[in-house]
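Got a structure for you, written out below as structure tokens; questions coming shortly.
Residue numbering begins at 1 within each chain, and the chains themselves are lettered A, B, C and D in the order written.
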Amino acid sequence: MSEGETGPEALSARRQAGAAMADGKIVAATEATALLEAVIRPGDRVCIEGDNQKQADCLARALAGCDPARVNGLHMVQSGVVLPEHLDIFEIGIADRLDYSYSGPQGARVARMMGEGSLTVGAVHTYLELFARYFVDLTPQVALVVAVSADRDGNLYTGPNTEDTPTVVEATAFKNGLVVAQVNEIVEKVPRVDIPGDRVHFVVEADKPFYVEPLFTRDPGAVTETQILMAMMALKGIYGEYGVTRLNHGIGFGTAAIELILPTYGERLGLKGKVASHWALNPHPSLIPAVESGWVSQVHCFGSEVGMEAYVGARPDIFFTGPDGSLRSNRAFCQTAGLYACDMFIGSTLQVDLQGNSSTVTTGRVAGFGGAPNMGSDPHGRRHPSPAWLKAAEEASDGTDERLMRRGRKLVVQIVETFAEGMAPTFVEELDAVRLARNAGLDLAPVMIYGDDVTHILTEEGIANLLLCRTAQEREQAIRGVAGYTEIGRGRDRAMVAQLRERGVIRRPEDLGIDVLDADRSLLAARSMKDLVHWSGGLYDPPARFRNW
Amino acid sequence: MSAPTADRAPSWYEASARARLAALLDRASFTEFLGPAARETSPHLPLFDLPRAFDDGIVVGRGTLDDRPVLAAAQEGRFMGGAFGEVHAAKLTGLLRAAAELRPAAVLILFDTGGVRLQEANAGETAISEIMRAIVEVRRAGVPVVGLVGGRAGAYGGGGLIAGTCARLVVSEQGRIAVSGPEVIETNHGVEEFDSKDRALVWRTMGGKHRALTGGADAYAADTAEAFRAAALRLIDRAPAFDLETMRAEQARLEARLERHGTAGDAPDIWSALGVPESGRVSALGDDAFAELLASSGDSHDAR
Amino acid sequence: MTLDEILASLFPDGHDVTVQDGLIAGSGPLAGGRATVIGIADETTLGVDGALRLAGLVLDAAARDDGDPILVLIDSGSQRMRRRDELLGLNEYLAHLAKALFLADTRGHPTVGMIYGHSAAGAFIATALATRVLVGVPGANPTVMDLTSVARVTTLPLERLEELAKDTPVFAPGLDNMVAMGSVRAVLDADAPLAGQVASLLDDLPRFDDRDRLGAERGGRTEAARIADLVVEAARGG
Amino acid sequence: MDRLQFSHETPRALGGGRDQAILGVVASGNLEVLMERVLEPDRCEIEITTPLGGYDAVWEAVIADFVERAAPGGVRISINDGGAQPDTVMLRLLQAARMMEGQS
């Protein structure tokens, strides 16, 4: 790439080229493709905003509509590969290289296109890692971002879904890059300035409001007894045991079940005020009963959640909100919070191997990881102690080290059912991710959480505390010992598993004083979406697809 | 709005057919006929490689309601969508024929069905007709037949027609009563006609509140066995006779509905026309508030 | 047979039966009285409006003390699958029509259904199946579920279903299968005058709902009657 | 449909006063369990109908663990499976056994 394309002259050339389509900074949706054809040069590094939540969908369509003879060879850098257009541009020849983080709904197509060679992936990152590279070696020349509204000066209001916008704009605008924002409406004065207008060069008034996926909404009606049992074990055997106050939850039903039994089972265990009070978490609807029962002190959010706007706005004592009364989310800061300020990450995965490595990549599906590898890693840069952090390290120690030199440990808990739907075993000899990497000739298998970061594996059969394992063999048997009736589980050394259980490395429900038959849906503080609405005082407004009223 | 509490009565919507019956009737009063140990399963499902249930998805038997003898049937909506197969339907037909003969204080039908089981469609469809005729015979014998709708599968297809044959109907917010399912309408006439994924639309078109307001059901119950029990007790003494007078009154009632609401585009238009203030908020109302609203507005529903 | 052929064969001396918006209505001299005729023509679907109109005619006939029969002639689609119909409570309208027919029958107006074309689902239940005795005209093709739809819902291959359909009357479409169910009592002889055939039906009406028994006798529906009897027996005991 | 049968000896009879219990429902990922107290007190027989073939070893292991845990002597157990995962199977078996152990 020549210097000219990244210098100040390049920016003014791009701005001049785009000015023809604009009235000041404002561009009509119908002119969006013409604008992009004018400001983007072949070979540009382009960031299109979109993650697992909000999407710059109008600009994605506009980009996919560009003439590949004019716009081609792009290197796309983006949090999420989510919309069909995100991949269409590779098939049409507009783009040829991709660095990204998350690709939930498009995971299968990504895998297929990688196989066909129509898509070259630099790497699958964690969000924070990708953001970091925006400032080092993946700085965009053009950023296509999304906001709720803008004024004529380009000041942007992102509403509750601020998410990645400040990070993307920061990396682009201060390095001579051009920023195009799509907004739902142009207003006289924005309710709150989330992005100052001097960092935004063009504003496209979108034809319809941008899309947001309600990714963090879990219908309590679908929580199973097994998930409740696992939630009970988690609360009693981990939250209570370590006194975890600062934490992050994944998005699965297992962690939703934990949120839903805080006001019931958690209360019964006397854990209120002692655990789960400070969160790096999106505004999960399933957390409403815990918030309303006084469990939660504060929550910082990566993004918002569809339908939670009014509720969050009504609880500024808990959530971070702006003077306009709405949530201020920020993915980069919240990821940092999850990495450094939380004592525990607990989340699900699709596959776990005998070393405890996990991945959501399965044959034919490269889903990406989003924030999990970052949340679910032990940060070696952490320097502040906390009881949970120290206790975890103490368990991992054989007692011969100098206590004052002992680095703490973040609790990284994988909460998984031994079989997924269709009897697909969660526990495997070799991760599909390794096979995929071998077949595709990758330098690195797409592992979500490395085994050496994992401290506990929790299944319906019990909790394996890997901190207490002293040898690789113990570790393997501890994992086999909670792997249920999968082949891995049935292949356990029964004697050794019994020994591990005696030592408390493996703990079954009965070892924790939990009767399996008590795991009942009556433990859920909310059993339905409607219950959540009631808990919220009528403020939570679930998307239509989650309603049965 | 009263603050929710963590400990509440079990949900009718979530409960199994057996759990509903046990909670609805007097404690331990229920005796099942042709129970699971009899293993009267569908002879047809194996042809389609489908698993069978020991009771073919319906529980029938006798019990008492406030010490009065009743016959009762409960469909299990989670097995094959509670659909009417040959054996399933025949158990209900038999129960109704017994009722015409034995004249209990009432027959209670706990609906939870998507309609006819399509793997046994001809048998199921014929049986719907047999059940409807049998209900008419029970009603002619002076026994009220009360339908209770609040399960996962609602009362769809032939189940909707059977519900319409009952003398009285109790419905909860979750309960749906209709003939064509949302997906069927969408498949036949497109997503513009009916977006089956828009569940708010599904419920305001077919759901319990709409049916209660427009006279498609006679009582509205909260989602608990207690509430259904109270409503059933209220209704069994107020069931209309099955005669020319009732049918003429129903004709007039349904004609008035067509005349008044035949051009309405959406449920809230109808609710407004019925005098419901702030009809846009009906879906959001809690059970108590809705019951209050229902007491002061809504269409007449005496004749059925 | 077409509707006109059927009407001519039923009422050789003339009738005043007309078809409007796919609904059949009128009357004609039959078996010494004057039969009320209602029905659905041209594979018309049955919605709230049609069901209510037909029910009104049936109730008018039921109110009379003449004991004249009611003929229900059916060549319909299914129920009308529209948002408006469901919004207005189609289940009540269809059930009302069926109840009207049941009522008329109990008030001494024998109801005779005649399926001469297509019919399906809710429209079939609310009309033809709600009569005391239902007969078919050769060529009629009642279809509760067409095999393509069954294939879609069950995800079984169509070829497999077609194979199954050959000897599984319980789900396969067609008149013969409804005869095997016992729901269609008999198939009329298209070459003989219908008037006489219907008159003999009226002379020999089933005294109770014996469709499950017929289904068992004919081997198409072997379980229904037996199961219903077992339940009745259990209810009597104890 | 696959049919599996297992027969176990048990050290004692299942306690409680109920002759019969039915639990669960045949639905995707679920199953129904019927228990009948009809056998000699040291016998337990299990019959399973399942739409998922090829999991005989899993069933065998689950049933063996259950028999060891609950000692369901005298009980015939019939299962209609809807494709349930092993943990759900175990849960339903334990629930049904608890029901049998209740009052008649």
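We take it that contacts are C-beta pairs under 8 Å (C-beta built on N, C-alpha and C of every residue); 3 or more make two chains touch, one makes a residue touch a chain.
These numbers come from a predicted model, not from an experiment.
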Quiz item: Going by C-alpha centres, which chain is most central here?
Solution: B
Quiz prompt | Maximum centroid distance from subunit C, chain identifier (CA atoms) | solution = A
Quiz item: Ranked by contacting C-beta pairs, which pair of chains comes out on top?
Solution: B-C
Quiz item: Roughly how far is subunit A from subunit B, going centre to centre by Cα mean, in whole Å?
Solution: 43
Quiz item: What is the distance, in whole Å, between the centres of subunit B and subunit D, each centre taken as the mean of its C-alpha atoms?
Solution: 33
Quiz item: Where the centres are mean C-alpha positions, what is the separation of subunit A from subunit D, in Å?
Solution: 41
Practice problem: Please compute the C-alpha centroid of subunit A, do the same for subunit C, then give the distance between them in whole Å. | Solution: 59
Self-check item: Numbers and ranges of subunit A residues touching at least 2 other chains
Solution: none
Quiz item: Where on subunit A does subunit B make contact in their complex?
Solution: 221, 263-264, 267, 289, 292-293, 521-522, 525-528, 530-531, 533-535, 537-538, 544-549
Exercise. Under the touch definition given earlier, write down the residues of subunit B that touch subunit C in their complex.
Key: 31, 33-34, 38, 40, 43-44, 47-48, 60, 62, 71, 86-87, 89-91, 93-95, 97-99, 101-102, 116, 118-130, 132-134, 136, 140, 155, 157-158, 160-165, 177-180, 184-185, 188-189, 193-194, 205-206, 210-211, 214-216, 242-244, 247-248, 250-251, 254-255, 257-258, 261-262, 264, 266-267, 270, 304
Exercise. Provide the residue numbers of subunit A that touch subunit D in the complex, in ascending order.
Key: 224-226, 229, 417-419, 421-423, 460-461, 484-485, 490, 516-517, 519
Self-check item: Residue ranges of subunit D in contact with subunit B within the complex
Solution: 1, 20, 22, 25-27, 30, 32, 34, 36, 49-51, 78, 80-82
Quiz item: Mind pulling up the subunit C residues that touch subunit B in the complex?
Solution: 48-49, 52, 55-56, 59, 62-63, 79, 81-96, 98-100, 102-103, 106-107, 121-122, 124-126, 129-130, 144-145, 149-150, 153-154, 156, 164, 168-172, 177-178, 180-183, 209, 211-212, 215, 220-232, 234-236, 238
